[in-house]
Structure formats: C-alpha cells, structure tokens
C-alpha cells in the first residue's frame, strides 16, 4: 500500500489513527490469502468480528508516498474471539514502523455474541505460524 | 466545530476531503433545527439521501484548532431529489473558507429511487430562506 | 461531540479507528482547559507530543448522531514523555463506550527527543486528578 | 486499490468523501507514471498544488472489498493552475462508479501563488491525452 496524502497530518507524518485502518486491510488480505473474503464470511455465516481491543506501538514515522507492507498473523482463536497481530514495515528500507494487535469478538448481525463459524475458523487456523503480507 | 489534528495534512492545512464531512454535519444539524434527526428520517420513512453530486470551492485554508461554522441551506427540493448549499466560515475572523453544494437522490434502504417523504419535505421546506449554522 | 455519518461503517456503528481521533480532541480540549492551546505549545516551545503507543478497549458501540463526551486525564508526566487516559461516554444514557490511553514522547520539530517544556508541564500537572470533559 | 472497511458508512456503501482521497491517489500515480513523484515536486521546486475546487458526480455505489481503478487525466495546465479529471471504475464489472475533476493553484510553501515549475509542467503535459490508471 502506498501512503496517501490525506493520511498525513501537519507534523508531516502519517496520523496515528490510520494504522488501525491499515491493520484492517491486513486482516482482509489475510482472509483472502486463506481462500475467502471477509465480506463473504460476514454475508454467508452471519458473523461479524467486532473489535474489542486495539493496541499500537509506533516505532518510526511513515511518510507520504512510502510503500508499506502489513504483516498480519492470527494470534489466537478461541470459541468466540480472535486475536490478530500486525507489523507495518516500509518497503524501501525494511524499517519496522509499527506493531500492534487487535482482539475481536464474534457476533451475528444483531450484535449478539456467537461462536466462531467452524469453516472460517479452520481456514484461519491453517498455517497460522506464517505471517501474510500485503 | 473545532478543526481536529487528524483533519490536517502535511501542507499544515485541513485536507480538502474533510469539507464534505463538515457539509454532512451541516445537513444533520439543519434537520435537527427543523425538528427531526436525519437518523429518524432514515429509520421511520425508509428514506436515504444518497449523494449524487458534490461541489466545493476552497477559498481560504482552515487550520488546526480553528472554530468553524457550517451554514447550510436547502437549495431546492424536487419530488425525488434535494440540493443543499453550504458556506464554511471561521469564527475568529469571519473568513469564508469554502462554499459548495451537494445534490441527493431519495432512495429506500434497497437503494431504489423513491419520492421524498412528504412529512420531511415540508419540514425541510419551511423557512428555507434562512441559513442555519452549527 | 456528535457522531458523524462518515464515522460509521457498514456494521452500522462507529469505525474503531475514530476513537483515536476523539481521544486527540480530548487532549486538545484538556490543554485548552488548562489555559493553553496545543497549537500554541507546538509553536512557542518547539515541542510535539508524538504518539508512541495507543490502547483502546471498546465496550459498547457508538452510533450515528450520538452525543458523546471524552473524559481526558493526564496519567503520568515524565521528563520526556506523557501518558493520557480517556473515557468515551454517551451523553443520553451515560454508557461507557470505550476507554483507553496514549503514550507520547516529546520531540522538537526536527523529531529529536527533548525534555518536556517546563511551563506546559506545570500547566498539565495542575489539578491532574480531575478528569476534564468535552 | 481495494475498498477498505473504514471507507464504508452505515448505508453499506463507500462514503462519498473518500472519492476525493482516491482522486488524490490518482494524481500521485499519474505523476509517478510521468517520471516523478508529487513529493519530489513539492520538495525540489517548492511548489504545492493547492486544491481550489472539487467536483464529483457519483454514478453507482462502491462496496467494501471492491477493486477499483482511478483513471486520471490532466485536463488543462495554465501558468498558475492545473485541472485534473478522474473516472473511478470497478474492476470486476467495469462499472463507472464516479467521475469528477479538481482544480489546483500552484503556490510555494509560504502559500504564495507562483507559476508552474517548467520541468514538471512539461512532464505533465507530455502525452496528456492518454488517461493513466492505478
């Protein structure tokens, strides 16, 4: 992904809230690499991964026009929750810009907690030691 | 409204896309001043005002921490569409920062075009010569 | 602050990244209530509070048009860093929507770490037990 | 570019302000395809392209996870201004989602209007009949 002008702030660096949006792109892409789209899971299994916690550690600023990579990994899957971990890396110099994690609760579209749909749980667990990059 | 740090970009001024978000707050507030919430109209009359066109003319930059006012006016209501006009003004010096307009089509929640719900049409037309500020 | 339409996502609730933007508004306002603007501190003492860590715990969703309050408190001021804590509360029912914290490092405009400017340190420490709301 | 979850709103479609951010990515990419980065132009010729006007016509909604392409074209270059035109197209079905234009004034970093730097003017004019896509 390339850093957008709109993502910078008057410090001349990327505004810190955008990393959560990038993490989300990382999650979408991880799903895609496991053979399904997050959208499909939402639609077909009536499951939403509602964000319950987010943590970001900002190591080094990202700048406009940087090419960045988000390395996303499934941290842990429990019966009704999932944890993802992330690393944001700048392509040009390999610098680690940020790392973090998000915890999610599985709900249906009526916002009731439900168990993780088995099909998607298996897909996400497969090969979970290998980080996936976008 | 007070300009947020996240709304600035590396030019040190507010990023131009945010004016459309401010216009939207202006619309919400206009509805509220006419005695209803936009949310209520969405829910109770199954009507969405889908944006069909937007135009912004940027006159002078807005800066972090500026207090700004959006003056919103109903430009025109037709059977299936509505046009709003806006002026964004800085409170401290009265400078006109931007002006613009948005055109909307009325649809139901299935995205089918429908006619403007009569109750809300009347409320929006009432007194439409007087701009409302937030 | 009133929740903006643009801050919602297709789950029908506020997107989780916006809480970091709201926290930032909370910081700005805390400064203002201590007698200075964050902008003034940036300009006059050549000090930026660069975000080093952020943590958010999402308790209950916020919806479009909700009126929300951010309660911001200075957690800890050290020689080169500061920690803020936050609670986001919905006005209508007093529900606690989220809580979190951010840790900041003090740098100059060249991004070199520097010590906290004494004047602003004292202002921020004053009365730091009392949360401030916007 | 892939549509991000954060770019949707509670209507279930992409919020209209994001198209201006996509247009901006289109401009950046057009520059890159003409052999320079917009960042480089800002830094090396002390020239900013400040947005003076934006216009968007929304034809069909974009959805989460859509792959979209922005076709950007130089509309007109004058001595102190430039106009870009855009088309946003969904890759899967070729649907035209939006079209629009932005007008920009050339300023230096002190926000004074200046003439278009000759080097970059020539690069942008080259081959301007052919739209470039990202």
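Per-chain residue numbering starts at 1, and chain names A, B, C and D are given in the order in which the chains are listed.
Rule of thumb we're sticking to: a contact is a pair of C-beta atoms (placed from the backbone, for glycine too) under 8 Å apart; a residue touches a chain by one contact, two chains touch by 3 or more.
The structure presented is a predicted model; accordingly, all values stated were derived computationally and were not measured.
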item: Chain located farthest away, centre of chain C as origin (C-alpha); value: D
item: Pair sharing more residue contacts (C-beta pairs) when C-D is set against B-D; value: B-D
item: For chain B paired with chain C, centre-to-centre distance based on mean C-alpha positions, whole Å; value: 27
item: Separation of chain C from chain D, taking each centre as the mean of its C-alpha atoms, in whole Å; value: 33
item: Chain centre separation in whole Å, for chain D relative to chain B (CA means); value: 24
item: Where chain C touches two or more other chains, by residue; value: 5-6, 11, 17, 21, 24, 64
item: Chain C-touching residues of chain B, taken from the complex the two chains share; value: 2, 4-6, 20-21, 24-25, 28, 37-39, 63-65
item: Residues on chain A engaged by chain B in the complex (per definition of touch); value: 5-6, 8-13, 15, 17, 64
item: Touch list for chain B against partner chain D, complex; value: 11, 16-18, 20-21, 24, 48, 50-58, 61, 111
